[in-house]
Amino acid sequence: MAEKPENLDPMERRGLSGLLASLLVETRSVMPAAGATGVSLVLVIAAMCFLASLTFGAALSVGRAADSWTSELAGALTVEIKPSPDMDKDSQLDAVMSVLAKTPGIKTARPLDQEDMRALLEPWLGQGNVTDDLPLPTLIAVEIDMQSPPDMAGLAFQIAASAPGALLDTHRQWQAQLLQAARTVAWLAYGVLAIVAATTIAIVTFATRAGLSANREVVEVLHLIGAKDRFIAREVQRHFLHLGLRGGLIGLALSALTFLAAGFSGQSESLFLVPVWGLPAELYPWLLLVPLAASLVAVLTARVTVFRTLEQML
Amino acid sequence: MHQNGKRCGGGRDELGFFHDSVAFMIRFENVGMRYGMGPEVLRDVSFHLAPGSFHFLTGPSGAGKTSLLKLMFLASRPSRGLITMFGRDIATLPHHELPAIRRRIGVVFQEFRLLDHLTTYENVALPLKIQGRTEDSYRDDVHELLHWVGLGERMKARPPTLSGGEKQRAAIARAVVGQPDLLLADEPTGNVDPEMGQRLLRLFVELNRLGTSVLIATHDHALVEAAGAPELMLHNGGLSVRG
Amino acid sequence: MAEKPENLDPMERRGLSGLLASLLVETRSVMPAAGATGVSLVLVIAAMCFLASLTFGAALSVGRAADSWTSELAGALTVEIKPSPDMDKDSQLDAVMSVLAKTPGIKTARPLDQEDMRALLEPWLGQGNVTDDLPLPTLIAVEIDMQSPPDMAGLAFQIAASAPGALLDTHRQWQAQLLQAARTVAWLAYGVLAIVAATTIAIVTFATRAGLSANREVVEVLHLIGAKDRFIAREVQRHFLHLGLRGGLIGLALSALTFLAAGFSGQSESLFLVPVWGLPAELYPWLLLVPLAASLVAVLTARVTVFRTLEQML
Amino acid sequence: MHQNGKRCGGGRDELGFFHDSVAFMIRFENVGMRYGMGPEVLRDVSFHLAPGSFHFLTGPSGAGKTSLLKLMFLASRPSRGLITMFGRDIATLPHHELPAIRRRIGVVFQEFRLLDHLTTYENVALPLKIQGRTEDSYRDDVHELLHWVGLGERMKARPPTLSGGEKQRAAIARAVVGQPDLLLADEPTGNVDPEMGQRLLRLFVELNRLGTSVLIATHDHALVEAAGAPELMLHNGGLSVRG
């Protein structure tokens, strides 16, 4: 039998592409290439990474939406100026505006005009009911700099002093409720993420251990013919790194596709806090954490299990 | 245990082949062994094997031959007594030194224990691969050995597609490929025909001539007679020696 | 050796508790009791059922909230009566109310009093700004019977005719937007449910197949010593029914505990559409569907896989 | 195949014991077999076994003994030729009738194939359990058989804790417990001592006297000589008969 050197390792290629290939494709090792349990481990990891990536993406964008919304909300004040017999409307407005202009930490201050007021009130009063003769208060929308916010108490005092009927409304009543809502939604998203992450870790751990039990005989034989613990652990880890990465990347791809599809489906308006759906483009890279974490869990589980198995063995 | 003929090496042996210059390769003193809470499978077993010796281990089915071999290839611990391998007390040996000792021992398991996902060639080459040797350095040797045991044609087959006797021969090839200092073979001819059995015996004798101590557990009287080597006999957990 | 009849099947008890016990506890069968792969299959099913139950419960209560909210919204109309020089306020109101009283399909009609109006407007106009002298329109909140709704076009015509300045507002503008929102949230919940359900089915399927591959030798030996296909399939199915139910019930218990804990944690106010959290008591029984479905999937997968294996076998 | 002595029953046998009143228990005509795309392992094998006969199957390791037995216990199909078992052409047999035929055949697998999660007792009782018999009806028989093969003490042990020979005896007990019409044993004495081998041979002979046709694949010349039964010899894929 003339033996050609055809059992040379086909993965002997070097370089980055070689590295990538050897991460994803099973190189010839002493561990079994993905058999029945290997395949199902890959699929379980893929499915869990899919779920985890979806949740992670959703939590990320909800969290970000809640954050920006919270700071927007907290950065907004309103000054109300009630009509007063002691001062005419325009003087009241000028006095308050000059106070605002002098106060550090205020970004913009803009009196709401008739149009704004109409838009605000029409849903409640009925179309055409907001007429010029309605004795509405004047409202000034104030945006403050969240980095160096003004002294609220001082500002409220100054405004009240500047003109009769002027009042700083810090939206306290609304803010309390809305901030609470935003915080709840963000917590919810992170809570769901935590549950899914914990479940993913549990499933990957147990799937890995199940996969290893199929390889127990291999580990035992290697041990008995004199392989060092570190050699065995390295081989097993590499095997599970392959399985984990392969599964993780499949799951990642599926979830990215889902986000893209949802993004394109046109429903991309934001609904309350929930961005429906589609992930902001700059958040996609974060999803890579999911397969990496899954592989890490698989590798660590494999390592711990193998060492524990080997320790029992003498 | 006493010397017998040429192959059963003397107590104090100065063969340069051996890594340690100790008198005994293996020494058992009052060794007892039990599985879990069960009865003692081995009782007060005491013997020693010199480097370069050749012995058979016999005894009725269930007498404890495999259990005794397991102690020697460091797969289980005795429940009492002292075992010295290559001059080292294995009870006090640190964990990280065990692989080095295991590499000096070749084992033919009674149940073969080939790895189903590797080819026959890869299975046989495994002990060499584990020692970190490159494939180029051993490919020809492994091929030659496989041809010798009659597996030249089945080199690329995986164990599940081998016949019973073919598996057994692959297991033997894996045990001897590294020219170990000690060869432990558990029923190595139970699944091959008498002609092949004789051929395999020649392999063991050849190995022994090159310096390997050989211990073969077997039921095959023809084999024992053909080799004419001394016999350790297990009976009711106790060991006696013949020859 | 005196053999006591102690290897009598300990599960020979009869009755309901016996049935339950035999469903949950592995009876002596020819299949291996949960070994390494069995345990990990149970845990994988438990984890997936946990996730699926959580999602299912959330989808159920979100769906129900959206439903009731939608029907509430759709069942509400408002009649606006603008002040008119041709008719005084009370006559206008009386005329409109009598039209509403005569119209079939209207449940209640209630003029909003000053308090209601103030509550409605104060957030926009500022506290103390809604004064009696504000020339607000009169609003009548009308609740219609969704089962037999009145003829909207006819009603709008009759109301407009009954008094000058009277107008039927069907909240179209708001409704379109809010119904859309409710529908989106409900769809979202069901979409997430679908994704989790599909993932659960996939994972249970593959975990079952992995579990079976460990039992392949058993199936083969049974086949070779003359067991009928139906016998083997029945044993395997029973085995996986046990594993599936055990896992499913663990997952169910965990999710029920989670809902209970969330319910008790006091955050039970509704946030927009999302009931945060706690599952309405009457929805808990529905959660039972999850472990049942998971067991069904496991059993069917096992059955199909076993029959396919047996078919290949001759 | 021709009659030999008492035990090798004649072509036309009217023993009421057999379910069909057919001339041949097994009939192979020009049977060939290959694995996948490989070479033919069996070539033009033709023979027949009469009910109540006793034969050995011999041949060097890798000759195809196990493959031939696999055809007989319906584990694989021939790639060509005609196989008749109990008077039925197995190529045309509907799928649902196969279990009934398999129950008439007891098999000792070369690799034992015991179920690791069942006790020895449960393993041996398995064929009876599968036939739907209640435990009360067979418990004593199984115990008696286990004692006969020397496993009385290991009845509750699981196969992984049995010695090689103990496993083999458990496998033999499972094959004979149902008093099959045909017993196929693949290397049934490869892991037991000669005394136990003789004891097991007596079991086979006893079974044969009660009407079972027996075919034993073996390398053990001592066994063949002790039984004095005719020998089917496989060589290079072809079959010849001696005795």
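Every chain is named by a letter (A, B, C and D) in the order it is written, and numbering of its residues begins at 1.
Just so it is clear, a contact is a pair of C-beta atoms (placed from the backbone, for glycine too) under 8 Å apart; a residue touches a chain by one contact, two chains touch by 3 or more.
Computed from a prediction, not measured in an experiment: that's the story for all the values here.
Common neighbours of chain B and chain C (chains touching each): A, D.
Farthest chain from chain D (centres taken as the mean of C-alpha atoms): A. Each chain gets one centre point, the mean of its Cα atoms, and the points for chain A and chain C are 25 Å apart.
One finds 60 Å separating the Cα centroids of chain A and chain B.
Once the centre of each chain is set as its mean CA position, chain A and chain D turn out to be 66 Å apart.
Among the residues of chain B, none is found touching two or more other chains. Residue positions of chain C with contacts to 2 or more other chains are 35. With chains as nodes and touching pairs as edges, the resulting graph is a single ring in which every chain has exactly two contacts.
Chains touching one another, given as pairs, are A-B, A-C, B-D, C-D. Chain B meets chain D in the complex at residues 35, 58-62, 65-66, 110-111, 150, 161, 163-166, 168-169, 186-187, 190-197, 219, 221. Note for the complex: chain B touches chain A at residues 73-77, 95-96, 98-103, 105, 107, 113, 115-118, 121, 126-127, 129-131, 135, 139, 143, 152-153, 155, 174.
Those residues of chain C whose C-beta lies close enough to touch chain A in the complex are 35-37, 39-41, 43-44, 47-48, 50-51, 54, 78, 80, 82, 120-121, 123-126, 128-129, 133-137, 139, 167, 169, 173-174, 181, 184-185, 188, 195-196, 199, 202-203, 206-207, 209-210, 213-214, 258, 267, 271-272, 274, 276-277. Contact residues of chain A toward chain B in the complex are 1, 3, 7-8, 30-33, 35, 217-218, 220-229, 231, 313-314.
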